[in-house]
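Here come two complexes built around chain A, the first alongside chain B, the second alongside chain C.
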Partner chain A sequence: MFDPAYLLAQVPALLGGLGMTLLLTALSVALSLAIGVAGGAIRSQRVPLLAPLAGAYVEVIRNTPILVQLFFLFYGLPAIGLRMSLFWTGVVCLTLWGGAYQIENFRGGFAAVGQGLREAALALNLRPRVFLRRVAIPIALRVSLPSIVNTSISQLKNSSYLQAIGLAELTFVALDRVATDFRALEMFAALGVLYVGLVFALSAAAARLERIMNRPYAA
Partner chain B sequence: MNRITGLLALLAISAAAVAQGLPPLPDSIKSQGKVRVGVRCDQPPYGYQDQNGQFAGVEVDMAKQIATFAFGSPEKAELTCVTAENRIPQLNSKRVDLLIATLGISPERARVVDFTKPYRWGASDLLVAKDSPYKKLEDLSGKTVVVLKGSVQAKWFDDHMPKVTTLKLNTAADALQALKQGRADGYAHDAATLVIIGSKDPSLRLLEDHYQLSDAAMAVRKGEADWLAYVDASITKMRSEGMFRRMVEKWVPADVRSYYIMVFEQPKPAER
Partner chain C sequence: MHLFVENWGFISKGLMETFKLAGVSLLCSTIIAVVLGTLSVMRLPWIGRIIRGAVELFRAVPLVVNIFFFYFVAPTLGVDLSPFGSVTLGLSLWGGANGTEIVRGGLASVSSHQWHSARALGMSTFQIFVSIVWPQALKSILPPYAGLLTLLVQGTSLGALVGVGEFLKTSQIIVERTTVMGGGSPAFMVYSVVLLTYFVICSCISQLSRRLERRYRASAWVAKPLGVSLE
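Let's look at the complex of A and B:
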């Protein structure tokens, strides 16, 4: 039955996996936010050439399973001479996946920036870049923050797919121990607790961010 | 008087034809009129089921041969499909009287069953790219080797060659793909499996440096010394009469046969 002593002995290994999961998630969330802002702006401004490209990218990612994308990056790309390390394959996979969703999140946010605001900016002779930075992005960010957080949480959970290519993140560590020691109950219980804890922390941080951002612009 | 002597002689000869050089069959088996043997049904070429669902393979033939020694007919072997998990429970719950089921000798198992003398050995090997420079296991020090999660090879490399980075994947197909894409320098697995994969792919070759050696033996329940002696003598007889080689020739394709003949006929190499 449930053996707490066994679980305790596995804590260092699990913490190692947890660290890797956090690193992967942090990197890929940051990178996919950058993709999301750029892609969302491109799509909502209907930039010629780039907008259809961004649209095609979003469709490809949204319409294929992430495991297929992962295997394509890991086993497929080396065949055409592009071989990324295990770690970077993981980061790129999560980033590309999250980036597609963040583009759509930001596009939704930019759509909430009304035409009237644009016209007002034009009338005030704001340059487009200033309008984007001082008006459009702050508003878009507020509107799309809940869905941005959603996508980030999904990236955290999707990092568990990376066990399939042997990347030693949290799920890999647990599955590897189960395959060796056959103690499924302890390991999966630990996995559940750790993931719930991570997501809870992320959600709490996001809620706090939302409160800060929704403060009116007080002088 | 002469007639009786002649009759006795005839009886002796026919008995000898069934079991020459074997100890008497224990009553417990004799009274059953058959030998109940647990064999694998997913481990070609040792024990598997052919397209018609019939038991096939080298270890299946060994079971039938023991039935022939005991009762004069291969039909007297009652075969049961056992798995790696249930084989020892099947034996100890008396569903079968003998296991010939790719069972490796280990101290843990020897506490719960009695092993016969080994009939072959087994080993792990490495599959590497054909044009790679590796000649022996030590050449892989500091390199990456792909293994399957939970496999004995994964543990062996962690224990014996910690300088080797192991890439742990889930399936043999993944492992092969990773090796072919150059993500790893070698693929460590059971040698018997690798010889078959290696023979199918001209871009790969076996290192043929064996490690993680084991002995495969048959097993009987504890405390059945007469039956153990009978099976041991049967193994000796099969070996001395060259039967193992004939069975391997029957079940293993010619291009990978040499490995299997080696594990039955050559002595086990020293553990490294």
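Let's look at the complex of A and C:
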């Protein structure tokens, strides 16, 4: 029933899909981290006008299915003349989704930067940007690293939603084969192994990073 | 807007299907979560590890893959599963895995003093769970569990991919039908309304979660032993 030879023959196609999945994930994780830092700082500093806006963005993303967000971007926006390529629709979708969660993660991190540090920076006459770069972000990053990694891993898993618009990432490639060759078992075994392997590898790498970052500074 | 008035019967049927999917999956997830969560804090040899592995597995596999797995693989194993059935099964196992984690965390947060005291009073394990540990654990279980419910509601939209006539699918059909009949694509408007609808449903549940959290935090001293600092 389970045919290893068939699976072996599909390895190149699956690797192609895997490459696309990794590219989509890497791009959108990087972009949503930028959104997260900016939005997290805006929300924790309570910047007028921008902070409520960032808050609304977070609420909308967190309370709607990512599949509907994807359909909105892919079918809804072109209907009013906003067109993006398949690839960039995927990147934008994953980025917007991850960005909202990263804002919350960074906000939590910035909340851990104590009032005392703020006052000390003020007393030392540090400019706000220097304070942010040299004090607040390093501390916030350490505190929120676990949740940042969680969100990034979710983005990897959510890239599988993009098969719904026909973007040739890992899940799409595998399901495409299932539809033509009817060999579901082999393809799902491959999908399971690849996704679980990636997720576990990322968690292990993150745990290592966390250990390294939490080492005390050497004098 | 007339599009929604004309198709109201169709849309409401889709919404009902969405609620049905969410309801059945919530029920099944909860049964799984209560049983496995309780078992995993009982320190039974092997069983804890097996549960842990299964939970990790179902949390690591993307929900999309999970649902398509039951949709495509069940027939090859000779099980006749409807699209509704495969979505329910996929969502329930995924929700059950996440629920098990929540329940395990909640039960573990109850101080071990409670266990020792109950034992000293001669209570059985079953009695301790039912009248001592679970009532206290519920405070830390319910808020995240309401969060899980919003994720289950959102997950039901995956039904659209395997052909369950739920809310997203009916909206998709309306868009296609209107486009084919001429008069341009109403996709922007329809999907905006779909986003808004899910938003209203899920925000209500999120609000409930937040309220539960606030209420339980106010009375947190009940669940925690004296001398432990509160947040």
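Simple rule for what comes next: the second predicted complex is superposed on the first by the 219 of 219 C-alpha atoms of A that agree within 3 Å, B and C clash if a C-alpha of one lies under 4 Å from a C-alpha of the other, contacts with A are read in each partner's own complex, and residues count from 1 in each chain.
One rule holds in what follows: a contact is a pair of C-beta atoms (placed from the backbone, for glycine too) under 8 Å apart; a residue touches a chain by one contact, two chains touch by 3 or more.
Since this is a predicted model, take the numbers as computed values, not measurements.
Judged by the touch definition given at the top, the superposed model places A:F200 against chain C, while chain B stays out of reach. Applying the stated contact rule after C-alpha superposition, one finds that A:I80 touches chain C and leaves chain B untouched. In the superposed pair of complexes, A:F188 makes contact with chain C only, with no contact to chain B. Legend: residue contacts after superposition of the two complexes on their common chain; A:N105 is shown touching neither chain B nor chain C. Of the two partner chains, chain B is the only one that A:G166 touches; chain C does not reach it. Of the two partner chains, neither chain B nor chain C is touched by A:T151.
In the superposed model, A:T25 makes contact with neither chain B nor chain C.
Counting residues of chain A touched by each partner, chain B versus chain C, the larger count belongs to C. Contacts of A:P65 after superposition on the shared chain: chain C is touched, whereas chain B is not. Under the contact criterion defined above, the residues of chain A that touch both chain B in one complex and chain C in the other are 75, 78-79, 164, 175, 178. The part of chain B that touches chain A in the complex is made up of residues 146, 149-150, 154-155, 167-170, 174, 177-178, 181-183. For chain C in complex with chain A, the touching residues are 57, 60-65, 68-69, 72-73, 76, 150, 153-158, 160-161, 168, 172, 175, 184-188, 190-192, 194-195, 198-199, 202-203, 206. By the touch criterion given at the top, residues 59-60, 62-69, 71-72, 75-80, 157-158, 160-161, 163-164, 171, 175, 178, 182, 184-185, 188, 191-192, 195-196, 199-200 of chain A touch chain C in their complex. Those residues of chain A that touch chain B in the complex are listed here as 74-75, 78-79, 83, 86, 164-166, 172, 175-176, 178-180.
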